[in-house]
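Lettered A, B, C, D and E in written order, each chain numbered from 1.
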Amino acid sequence: MTAITHLPALLAQTLAITPPTGSEYIRILPELVLSFFGIVIMIVDPLLDEDRSHKSLGAIALIGALAALVSTFFMAQDPGNAFWNMVRVEGFSVFFHALVIAISAVVILASYEYMAVQRIRAGEYYGLILFGTVGMCLMSSAVELVLIFIALEISSISTYILAGFRRREAASSESSLKYFLLGSFATAFFLYGVAMIFGATGSTNIDKIASSLASGSVPMLAYVAMGLMFVGLGFKVASAPFHVWTPDVYEGAPAPIVGLMSTGPKAAAFAVLLRVMFEINAPGRFWLLWVSAALSMTIGNLGALVQDNIKRLLAYSSIAHAGYLLVAFTAQPELGTSAAMFYTVSYAAMNVGAFAVVSHFGNVGEKYVTLEDYAGLGKRYPALAAALTFFLISLIGIPITGGFFAKFYVFSAALQSDLVWLTIIGVLNSAIGAYYYLRVIVMMYMREPRADVPCPPVPAATWLAVAVCLIATFYLGVLPGRVLRKATDAGMGMLHISQNTTPGATVASGQ
Amino acid sequence: MLHLALFAFFGIICVAGAINLLVQRHPINSALSLVVVMASLAAEYLLLGAEFVAAIQVIVYAGAIMVLFIFTIMLLNAGEEERTKGSRVAILLGVPGVVIGAVLVAWVLIHHSNTQSVTIGALLGDPKSIARLLFSDFLLPFEVTSVLILIAIMGAVVLASRPGAVARPQTTPAAAKEENEGPQLVAAGRERR
Amino acid sequence: MTPNLYLWLIPVLPLAGAAINGFFGRSFSKKTISAVALFFPGIAFLYALDIAAMFSSSAAPYFCELAPWIRAGAFHADFAFYLDQLSLVMLLVVTGVGFLIHIYSVGYMADDDGYYRFMSYLNLFMFFMLTLILAKNYLLMFIGWEGVGLASYLLIGFWFIKDSAASAGKKAFIVNRIGDFGFLIALFLLIKHFGTLDFTKLFEQIAAQPVEAAGIGTLTSIGLLLMVGAAGKSAQIPLYVWLPDAMEGPTPVSALIHAATMVTAGVYMVARSHAIFERAPGALTVVAIVGTLTALFAATIGICQTDIKKVLAYSTVSQLGYMFMACGVAAFSAGIFHLMTHAFFKGLLFLAAGSVIHGVGGEQDMRKMGGLRQYMPVTFATMGIATLAIAGIPGLAGFFSKDEILWKAYSSPYGSWIYWLIGVVTAFITSFYMFRLMYMTFAGDYRGATASAAHAHGDRSHGHGHGEPHESPWVMLGPLVVLAILSVFGGWIGVGGRFEHFLAPVFQSAPAADTVGETASSGVEHLLMAVSIVAAGLGWILAWLLYSRLPKLPGVIAEAFGSLYRAVANKYYIDELYAVLFVKPVVDGSSAILWKGVDQGIIDAIVNNAADAARHTSDNLRHMQSGNLRSYAGWVAAGGAVVIAYMIWMGVR
Amino acid sequence: MTSVTAIPLPYYLILSGILFVCGVLGFLIKRNIITIFMSIELMLNGVNLSFVAFAAHWHMLSGQVFVFFVMVVAAAEAAVGLAIIIAVYRTRETLNVDQVNLLKL
Amino acid sequence: MISALNPYILTLVTFIPLAGGLLLMFFPRRDRDIKVFSLVISLLAFVASLHLPVHLGSDPSLFKFEIDKAWIASPNIHYHMGVDGISVWLIVLTTFLTPLCVLISWTSIHERVKEFFILLLILETALIGVFTALDLFLFYFFWEATLIPMALLIGMYGHGRRVYAAVKFFLYTMVASVFMLAAILWLYAKTGSFDFVVLQNAIRAGSVPGFVAAAQWLFLGFFVAFAVKVPLFPLHTWLPDAHVEAPTAGSVLLAGVLLKMGTYGMLRFDLGLFPDQSRSNAPWIIVLALIGIIYGGLVSLVQPNMKKLIAYSSVSHLGFVVLGIFSFNPAGLDGAVFVMLAHGIATGGLFMLAGLLYERRHTYEISDFGGLATPMPKYAASFLFIVLASVGLPMLNGFIGEFLVLSGAFQARPIYGILAATGVIWSACYLLWMYQRVFFGKVRNDVNSTLPDLNTREKAALWPAAAIALLMGVAPLIWLSSIDPAVQSALQPFAQLAAKVVGQ
């Protein structure tokens, strides 16, 4: 990206192209900031003493993430398209930028201790997180399928690598391999879909595609294209039947990274899915999403019932949550979008938190990740266990947690779209789901501690990470209004609907 | 006519190569047949007038990427793959699914893609016009690929380097479990300097 | 117009006594306890006498609205008391006899370390009994009704160390509950149809009702249900079984609760509800039949009992049968009359029996007694009087009341000669087993073990063990004497229908009863009277023959009628029958079918199976995760194929 | 503008489809991880062809530009993928995908 | 108390315990201080709650002490609380029982004392909240909020198969309440409001689109959630397990208050929002209730375990409540509410007593006891008193309620009353039999011969309950006078219904 600095002049001389204006750079500011800090890390890494480098590198990465977070604010200042309509800055993309960057910031925090305990190369680790975040950010703001594809690849590849970071464990490299191969496999489908949509409409720009599909009869190719793209994206968001990779990968990957990839890339992928499904008013999507949602919820929850490995359990739970999220996609766009966006936020909050706790309990080589190891943690780490309990309660979807409102909005959106059956399947699933989350709580509080499980002190960084997630979850559970408002606005913006005419608004105001 | 003949010729080679990739049991053979596929594809590109693409296809794909593959195969001196019974799902569910899907898609492509023909050089993909496009409309993706490549490099470095290569002092009591591993790793770390 | 007599004081006084002894008695000295326990009922008794003195039939009935109690929707029930001739009689009987028995208990229970408990229970009983009597509405009456049940539960189970006593208490309470069930339903019917339970309002409305023809009408069913309640409380067939067992309680309890007062509550209730019964001939007939049968049935059982108290218990049941017979023929006043006299002589009998038991150190088996007359003459004398009274020997209380009943049973429009016949037979049996009791206990020589083996019996009424039977202290004999006097002269107030006329204002609504009495020629009356006297006499003579002249004979007869004898001796196996018919099925059924079967076998099984099913599907589902990459690719590809197929279908549609 | 030397677009599309399907099948039936990876490349090539074909059909060069990006991505994937494969080989001493099933259920 | 704080009293009463619990979190682990503190807090809440009935005002049929503030703009959730003559007493019941629970747990909880009392106080807040909430969302929130602390109380401090019991309890309620959630969401989706009053008016005005079609399902959605809590006959099997395993305080609150959440919900929401459906569904509901009454009685007759016995007796008693509610007449509803309160006191007392015994002997098996009346007379006396209250002896609290319910049911349909009245017999059977087996006879087990009698703390925990039981029996008007009007107004729509029927 360093090339960018001198490029405009060059362009100007050689091929008389009007170079991008400064404001267009502002519109990709977060990406720039992130890449910059990524590069900084790469440069600094070799200079530092290996033994202690992970601390300082982590600091840099954290600063970078926070800086990027701040820069999203500037980015938000002047919405609009940039770089020949490659990216669009609007409420929607800003929302996801902030979310994704925040996620990686917290994950970086949570990784602090992990770095030390697991003895992982910090430089590449943090660098990859930052670069991966660039990809996720671009996914949310790109309105050009090719750019989306590349961004998707960036975030994916970085997570493929990160998944393999516990290099002493065979499991880690295996999960990396599975994730990589299947990921590329699915990406190929997505790409084929892009090719077909290009063939069908002669463009890969979301708006153009939308307009050309809207005008006249939808060509057959478009349907196939949509199908193929759904396969690719469905894989990324781990929705049934494309979820198969999730448990294995999550089990093998480093815990904080699971926290990241179960939320960050997922959120970005959902952003893309929202654009593809709603902004391009994707033809014939309804039953696709309906079935996929129902399947994901059911498979996820049922699959989790008998899991004994926390990470695997949470993997299944993430499948289930993807299902709940897809319920929102079946609802009317103006209702579903905001619901889905809110869901991504609260799911990120609780899940990252949960994994932060898990990664601490896991200890060296993540030896202690089975339910048995969690016996009696309520006694050993009262506070941390309480935190985990809170996250789990949120995942169950019990009031005063973000998880509750997330489900709540999704289901009320579904009901307002008269999707009674899907809602019933959903609530039943959330009831079933209660069981396996409860198992963890039961383990922590109702069993005697195991002597052989070590309990190292909880470092401040982990505390901070957990606290952030805790506060976020709680805030979303008590005062979801603001975030939902933002989500609604963003969603309307993306759907090009003016505020005052939305059912969402009437809901908000009530009677 | 000639045009069609060329198309058919390279097309058949291409498909043959692809199928050969599947039937060959030694990775090297598969790799070579993949090279064949790519070369013949380059020819197809030429037929479509995408000369620059054709060139890149040969240079980058057949030249760089496939070399990488073969290099790896050599490195890991992978032998004949043994016919293990790994997965029923793939055979019973996947293959039929794929076939069905393929048939359907083919049907769509034949009937529902607008069946207008294209001629040689229908659209000249000469370097200049492509470059113009690449540095205007696709400037951002182009730049972004740099990040992609950066990541790829880092990944390759991290994953390919031997696990012990980076040693961290034992920072937690829990880590003390691994005395056997610890010291020698540290040693390795030093000698790497 | 009615002077406000503080009626509520009468029940509340004993309650105070009960409370004081109950809470603090543990730390009191025996004297204090006795003082408290006697003081309050005493006052109540005196106050009752005072009321009786100033009672004027013209002013009756007296009301006393104390406080509102329940207000739910339109339904009201208050703490309201009510005094008329009927309740006055009951009041005097209960407070009077009750007080005497309190005095008696002071002596009888003196050595028991649960003394304070006992006394406070007795007071508590007085409270509930008086509430029952003085209640102005059925609900308040029901309070007393259940309350006396509670008191009897406590007192029967007073020696709870004895399992038999505990069970007897429980049995009494539960059987009573069964009765109360009927009572409750009756109340609901009343509420449903008349919207109130207040006697005055209720009976006004009912008086307006026509007499129901035979067959089930509302009033009839109400009457029958009330009768169920009464049968439970007053130990009528089929619910009499608890009373004999109730003899496990200390003897004064048997005297007070299970002879003189509580068991007669049923009779009182029926009499109180006469307005209903008079308009429900069907119900009346049932009452009469039940009463008659009970009278005969219980009497026959009485013949073969050897436990002195059991004999008296069955005799009580049988006498209660008489009373219901009276009520059943709408001769309520006769019933009440017998109730009163019975209270005197049966109370006396029990107290005397208690004195006997006390004298022989807790022995209750008559076969181990005999010849006690020289040891305890006073007891013998008083008990003799009582026996004469109950046997219906002319001149004594029992004679008048029983004769009244028999006559009414014959003459009343509801009556029939069958009732009369059975009544007479019963009278014969009664006098037989009563004199049998007298002979076995007092005649001949002392057959009891002189050692203090008695204590094994667990009746702690007798602290210091010694061989010789002995007369009881005067604190016990006093009441005997008083009751003896009452048993002699108590009946005279009934002569010439004075008692009946006194009660007439209450029962005046009764269509015919007394008028018929006049019309029937007094010749018949005297004839019947003679017959019953002869029957009583015969009973006496027979008893004298069998148990005084030729003591061997009873054994021989027993042999002769082997099975019959055994059946009678074992109370016709009724208890066993009930056990097999009701208790066992309920318990086993609940355990086997409901709990183990439905609860665990079906419901929980379903739930758990659902859970297991979920876990099982889940377990199968995991095998989707074979861990093999190509399988995963297979899923993805297949899924993709389905998606594409669906999309194409959408497209061609 | 159809001339004698014209070829119907569907031919190209079918060809690309065949390549793609071959790739998918390869993924499903091949055991050697590297070969599986190659079949992914095959799929990408198929996609590329249809990109170019569509580009010719729409007379839009962007279609050809996409091919470059796809190639770049393919290259990156190749680098990373092969590195991962090496890592797996280190820990497992095998390249048979059927034996890489530590994580399951 | 000053009526100035009327607008805030509900918030105060509801959240005093929670505040206490939060403070407790920062306490040092000195058990004694913790216990004393939580006792003080719970007493404080009790005193504060007494303000409610005192100032309930002339017309208890309306919602009093209302506070209605917008909480969340979207969805339109209000912090809307208010009480009428019915809920006010349930609140007082809760605040009354909690101090007793604290006392009863004084020595029985040894480890993780702090957590215990924190959970207890949180639970109290949730319980009170359920009875105060007038916003369906708020209600659901508190409803669910009771789950976790209760489950934890059972699971952390219970005995034997506590985990199984806790999970069973949690899942039963969870699964059932999601149906309620769905129904609530539906209502919200159609009306855009969670406010009970608003919804009620909207429904009565018939201005809810698609209501008629969905009403039956909505009714069922609510009803199932409540029926599980009650618990109604086929859904009751979680109760015995939960009770047997729960710590004493848990059982007391579970039986005393938690079950009432269900019946309260039926009364307030099922009858309040769906009068027509309540009517049309009444027959089978009543049948279930009757089965529950008899079935519960019979099954508890044969329980070898004291707590299980009491648990099943609860099934029987709560059957009375449901019966009363669905007989739709003042007597029935008055009775139902009264039984709720009475059962809360009596059964709460029974569980306390059982708990005391467990503290001494660490068993609930009836067969392990016998003859206890000799070593511990005071205890026996208290036990007998509570048993009699529970049996429904006149002049004690049990009787009033049962009598009213029965007469109400009888007026609705004689057979209902008759069948239900048999429950009176059963209750006498199982309780007295149990009492005899535990207290009467000789002391068979030497361990029992030296058991200490009640000490002062235990008396302090038990006798208030006994006193209230007596008071409720003698002066039920204190309660009925405010319950009755509220019930009348609750029955308004049914009166109209009947009128309509007559009219047609």
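To be clear about the criterion, a residue touches a chain if its C-beta (ideal position, glycine included) is under 8 Å from a C-beta of that chain, and two chains touch if they have at least 3 such contacts.
Remember, predicted model here, so these are calculated numbers, not experimental data.
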item: Neighbouring chains common to chain B and chain D, by label; value: A, C
item: Reaching chain E from chain D through chains that touch each other, fewest steps; value: 2
item: Chains contacting each of chain A and chain B, listed by label; value: C, D
item: Most centrally placed chain - per-chain CA mean versus overall CA mean; value: E
item: Between chain B and chain C, centroid-to-centroid distance (C-alpha), Å; value: 100
item: Rounded Å distance between chain C and chain D, as computed from the means of their C-alpha atoms; value: 98
item: Cα-centroid distance, chain A relative to chain D, in whole angstrom; value: 27
item: Distance from chain E to chain B - Cα centre to Cα centre, in angstrom; value: 68
item: Junction residues of chain A - those touching two or more other chains; value: 146, 150, 153, 157, 160-161, 164, 167, 173, 176-178, 181, 185, 199, 220, 224, 247-248, 432
item: Residues within chain B bordering two or more other chains; value: 86-87, 90-91, 94-95, 98, 101, 105, 108-109, 112-114, 137-138, 141, 145, 148, 151-152, 155, 158-159, 163
item: Touching two or more other chains - residues of chain D; value: 13, 23-24, 27-29, 36-37, 53, 57, 60, 62, 65, 69, 73, 76-77, 80, 84-85, 87, 90, 97-98, 100-104
item: Set of all touching chain pairs, with the criterion as stated earlier; value: A-B, A-C, A-D, A-E, B-C, B-D, C-D, C-E
item: Touch list for chain D against partner chain B, complex; value: 1-15, 17-19, 21-26, 28-32, 34-35, 37-39, 41-42, 45, 48-49, 52-53, 55-57, 59-62, 64-65, 67-69, 71-80, 82-87, 89-90, 95-99, 101
item: Contact footprint of chain C on chain B as seen in their complex; value: 86-98, 100-101, 104-105, 107-108, 112
item: Complex contacts: residues of chain C adjacent to chain D; value: 622-623, 625-630, 633-634, 637
item: Residue numbers on chain B that touch chain D, as the complex places them; value: 1-4, 7, 11, 14-15, 18-19, 21-22, 27, 30-31, 34, 37-38, 41, 44-45, 47-50, 52-53, 56-57, 60-61, 64-65, 68-69, 72-73, 75-76, 78, 81-87, 90-91, 94-95, 98-99, 101-102, 105-106, 109-110, 113-120, 122-123, 125, 129-130, 133-134, 137-138, 141, 145, 148-149, 151-153, 155-156, 158-160, 162-163
item: Chain B contact footprint on chain A (complex, rising order); value: 1, 3-4, 7, 11, 15, 17, 20, 28, 35, 38-39, 42, 50-51, 54, 82-84, 86-87, 116-117, 119-121, 124, 127-128, 131-132, 134-135, 138, 144, 146-147, 150-151, 153-154, 157-158, 160-161, 164-165, 167-168, 173, 176, 199, 219-221, 224, 363-364, 454, 456
